[in-house]
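Shared chain: chain A. Partners: chain B in the first complex, chain C in the second.
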Partner chain A sequence: MRKFFRPREYFKPETLEEALNLLAKYGESARPIAGGTDLLVKKPPEVEYLIDIASLPLDYIKNDGEYLKIGSLSTFHSIETSSLFKEGAYRILAESAHDFGQATVKNMATIGGNVCSAVPSADFPPVLMVLDAKAKIVSLAGERIVSMEEFFAGVRKTVLRSDELLVEFQIPKPPPHTGAAFYKLGRTSVDIALVNAAARITLRSDGVCEDARIALGAVAPTPIRAKGAEKLLRKKEIDEALVEEASQTASEETKPISDVRSSAEYRKEMSKVLVKRVLQKSLKRAKGE
Partner chain B sequence: MSEKELSVVGKPLPKIDAYEKAVGKARYTVDLNLPGMLHAKILRSPYAHARILKIDTSKAERLPGVKAVLSHKEARIILGDEAVLDDKVRYVGDKVAAVAATSEEAAEEALELIEVKYEVLPAVFDPEEAMKPEAPIIHPDVPLVKGKGNLRDPVFDYGVGDVEKGFKEADYVFENRYTTQRQAHCCLEPDVGIASWDPSGKLTYWTSVQGAFIVRGILARGLNMPENMIRVIVPPVGGGFGAKYGRLEDVLCALLAKKTGRPVKLECSREEEFVTTRVRSYSVFWTKTGVKKDGTFTARYVRAIIDMGAYAYGIYMAQRAGAWLITPYSCPNCRYEGYAVYTNTPSSGAFRGFSSVPIHFALESEINRIAEELGIDPLEFRMKNRRKTGEINPYNNVPIDAKGFDECMVKGAERIGWRRKRGRREKVEGVKRRGVGMAISVHFAPALHPDMLVPGVAEINVNADGTIHLLIGVTDIGQGINTTCAQIAAEELGVRLEDVTVSNIDTDVNPWGWLVAASSTLMQTGGAVRAAAAKVKKQLFEHAAKMLEVPPEELEAKDRRIYVKKESERGIEISDVIRQAGAPSISPYFVDAKAAYTFGAKATYTVPMYIPPWGAQFAEIEVDTETGQVKVLRLVAAHDVGKAINVSIVEGQIEGSLQNSIGYALTEELMLDKTTGQVLNPDFLDYKILHTTDMPKIDVILVETNSPAGVFGAKGVGEMGHIPTAAAIADAVYDAVGVRIKELPLTPEKILKALRER
Partner chain C sequence: MIKLNVNGEIHEVRVKPYWTLLRVLRNELGLTGAKLGCGRGECGACTVLMDGKPILSCLTLAARAEGKKIVTIEGLAEGLKLHPLQEAFIKNGAIQCGFCTSGMILSAKALLDRNLNPTEEEVREALSGNLCRCTGYVKPVKAVLEAAEIMRKGGSR
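Showing the complex of A and B:
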């Protein structure tokens, strides 16, 4: 690996419009850079121009009652420590940010970067998927909203066009009696996930499962929803046996690979363990236990 | 030793260089830049085994900024079994060519312009495969055992008694196979050197190294130069752990500087640091043990297969590992066979706990297993078989001093709650199980081997104001030897720690010193410091005695003052003694001049006998039986340190060793592609060391037995904490879930597999 990454040119736009103009102008050969913790480590070969978006006003977290809105420049640190994520289903944003790694990287890395890099093992995508988050994407041509589920196209690939910028995540208010959980399995406390899993369960007042969402990372080219497992849970009273069955089904929905970090078999097996754990915890939280 | 109370030695004083390092102001070699300096890069082999048929450097030479390119055509200088640059490569990452250019970018770009035609040769990556007669031969020109492939001659074969007889006398014979993995040192400061030639033809070389004089010797031999024409300077060193004892890259850097006439800096990338700096070897141990029903050993046998990788830096490991079979336990029949084998993999070499760490995992794990199978508590088993003071150690035929061994085991066991916790299979949170485990350690103290019995040397110069310049020949690589030696000098001379300056090494100035290795530095050099300080003290007392009108033997020195022992108010400041020793003159310059050459001394010290450092460690762990993950909850490390000259430094050395060795037990492994021999994880993303957040609660117990071999009673402690950890953790895993993992590291996948097969 070459040590040096000198772009042909480096821009630091002050306004969104300026940034979008640059993106439109340079296309595939340009890449927005925020924290730089992915991009500077592994430069995509086609990238010649860097557009540093750090000055744009996209570092915010706010709740307008209907939606929680997270600016794409929000860092792991600010998400981990935000007072908006202390309880309820949203807390898994803070919990996954907490598990992310070292403080120094948490101070630099952003949620937008974590999602747009589209690394299969990234921690925010499964969390955002179970929270039913949508991405607000802008370009000179206008604005579009894409759900997290439709956002990823492959390993390090997304539906973002080269002239577009992801500016905000919008997360709908979870219904009452909703619990969520996140679990990351790493080799040490500072690691990328061998497998990660998130779940969100909403119960009816009679205790029956109204909705269930399960997402996993690092077990397929993109983060995935375990829809078969979800289906098993919906409209049922969830007991231990059902959790076990759903976990097994979720594990069967994964398509992991073997690499230096883990074997595919282990990832598959851990998918089951992790889904079981996040389901158990989500259920507890939904019940207010 | 005077009977006065110690005032500097034995105190937990901050390191003398703590501030500059803590605030990031220390300037390491990697931070230095000389005017006009060029940057060098090395082209490394993509093949594990190949002959270079053709190498064309002309395009690279024409690239703007490139000042020199070297290949084997100019630099086939062979030292031992390795060449500075060779026409053959023996592992993925081996040196092929080198470039010096005005910038690192230009040097990197030039590497891509060097055209090399290789003839790819069959390669072998496993030492047991490499010993087969049909294996491709990696070094046809070195002595090899006939018919055994790449097995280096000689095989090390030694012991005591007759093991075959011992196995016949045994009630039970246990056999097993253990393996340990490649571990990388992970020094924060990568390997680096800066070479600069002056017009007289003298070479100055700044480098980050554990043995300045060893590097000077390598440069002298590689460049065919007299040693007085080479000056090696060692700025603060960002970690060593065995990685930094001089490399042929040093010669390469000097050659590039010579060819260009400009200073050249050669710095390893992190990837090169992982691949090329001589890792802890992959090792295989076949063990066979005979015991009586009551747990008495009748015979112990080990065959150790040490993977040296491409070059033979790890051969000493095969030679010496048998010491740790023979030394710690009584057994009338022991035999050790050490095989050192070449493979087409990164070279192995020295690493904290050299020769000791891998074999301790095998032997201590096997002892835990045997104790369990005989129904004897592993602690009792060890207490029964451990060496006793006065027994002859058959390894070196010297009586053993086992003072401290029992105390380490007893105190450690008590602290972890051994009797309460062992064998309980404690359940927590449903799927988690807890267990405790133990292992012991013994290691070098320099006098174990005659070739390690090198003297420590120290020189003390006294300034007119009573402050001290201490010169030693060994390097402070972060272990704090400069501080420890300053404490020794201050104690002996009766000055304060801040009165002593210890200069980093400059081979033109400092006295000779050996490597920082084998836990010997304090014992050798610290002894010399005290001897030199004692000589200076004698000089001072002779002058003070005249001034105070008492015989010198009635004097004592403390806190910058020399005084009469029995009348402590009768005394004189050391600075006054020095000044008054100067010739009376109207000019203060002349007074100081006389004073400054009146006091000063140089001394050597050779450790008189082998007194082992002993240790016992206890681990409490938790296994997640669904994920296979092991969490270390607590480690108790009880070590006989003889005497802690600086309690904070000693504890720090043990804690650092624990961090290093928990990683060895659980997560650290340099992994190779089995078909290409390429290192798969040469970065911190996938070579997993422990972070502060992974560290368990640590209890360091210092047992002080006052060794007669070491200065102020000290023993070497730099490596001890690394040695027993992996076996203790593996034993705790067994205690928790009933499976013994025999292949390090103890990965979750191995544990789950063992749980399924149970």
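Showing the complex of A and C:
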């Protein structure tokens, strides 16, 4: 196998059908390129054909009342500046996009690329997980819908086949009294995450927790849900002590590694702190405070 | 063979599929204002404008740029008349070694093109992708705010 990134051909399909045909034709040796901010840093030497999907009409945000539908080629800049994400549970989308990388990278990086790169520290997967997002995946053979929890298969591994494209994220309308929050810990404000965490809480009208979702990134080979911690919160009236207990449980559910950015112990400890913060913030927002 | 629109001029260039826009600007077109710092998206020295938005030319395929309008630092001055941002950077001592300057100025230009009255926070946000090892950012930020003021008062562009 070649040692360097030297693709022999470049295609810029204008339609989804064209793109899918190219992917079907070249199989494993082809690779879609969206923003390129992951692919052109990694430069995988096995790629022979680059399928530039940036011209496909997949940069959109629509709300049909039941579902929020976000095209996979939406950039973090589009998400951060969308007027649809100024309030309510969707605020978490704009907030996490705000914390993403630096201004230039935001103009290029797409949310589809963020999810498909399947890097454990990616910022958007935990957000999509707490929002109960599903990915719409298409190929010449048809379409399938995969939930974010089933999407990741390991470090840089997903359930996507080489002939498939992720075209859209579908987010069900959150119930009333729902609040969500995201927090990212990096070495600097623009670095990739050491740990990131997202939460979403839905309250009943009497203030009891109807549903709670917690997701973390960079603490396991794939982004994870902290299901034990979620269970502690459901059907309870959430107070400080319960938030503390749930944060501790969430931290115990992580399986971080040590690397140049930080040690596993630090990541575990910080998971607790981050979960606590996102829970407190989500709770406040769910109460409309 | 691709056609690139750089600073309003059309160039026909033969490119390899994996060549970046930065490589083509520097090596094929001789436009060396955009710099190669890290080559991996971290430093912003390679920043250029594509359809008005600051992007990193080290992480953009040259072929991707076909059909788009590219502006590099070389495209800012009109003859011998510098852009107000360039003037303000010089006047405020916002340039030391200069390696980051073309990227900084282009990020700032994109900001001022959509908002001529930015806050300091907005300027810092806009320059967040442009690392500078020399100035400590205080003077570049001041220069951008000053250029904005001059442009609000009708200084050219």
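Note that the second predicted complex is superposed on the first by the 282 of 289 C-alpha atoms of A that agree within 3 Å, B and C clash if a C-alpha of one lies under 4 Å from a C-alpha of the other, contacts with A are read in each partner's own complex, and residues count from 1 in each chain.
Following the convention adopted for this analysis, a residue touches a chain if its C-beta (ideal position, glycine included) is under 8 Å from a C-beta of that chain, and two chains touch if they have at least 3 such contacts.
Predicted model, so just to flag it, every value in this text is computed and none were measured.
Touch criterion met: A:102 reaches chain B and chain C at once. When the two structures are aligned on the shared chain, A:266 is found in touch with chain B, with no touch to chain C. Of the two partner chains placed around the shared chain by superposition, chain C is the only one that A:52 touches, whereas chain B remains out of contact.
In the superposition on chain A, A:192 makes contact with chain B only, while chain C stays out of contact range.
Residue contacts after overlaying the shared chain place A:33 against chain C, while chain B stays out of touching range.
Residue contacts after overlaying the shared chain place A:6 against chain B and chain C alike.
The intersection of chain A residues touching chain B with those touching chain C, taken from the two complexes, comprises 6, 102, 189-190. Note for the complex: chain A touches chain B at residues 1-4, 6, 102, 185, 187-192, 260-263, 266, 269-270, 273.
Across the interface of their complex, chain A is touched by residues 16-18, 20, 40-41, 44, 47, 53-56, 58-61, 63-64, 66, 107, 125-130 of chain C.
Those residues of chain A that touch chain C in the shared complex are 5-10, 12, 33, 35-37, 40-41, 50, 52, 54, 77, 101-105, 107-108, 189-190.
Chain B meets chain A in the complex at residues 104-105, 108, 269, 271, 626-627, 629, 667, 671, 680-681, 685-686, 688-691, 693-694, 748-749, 752.
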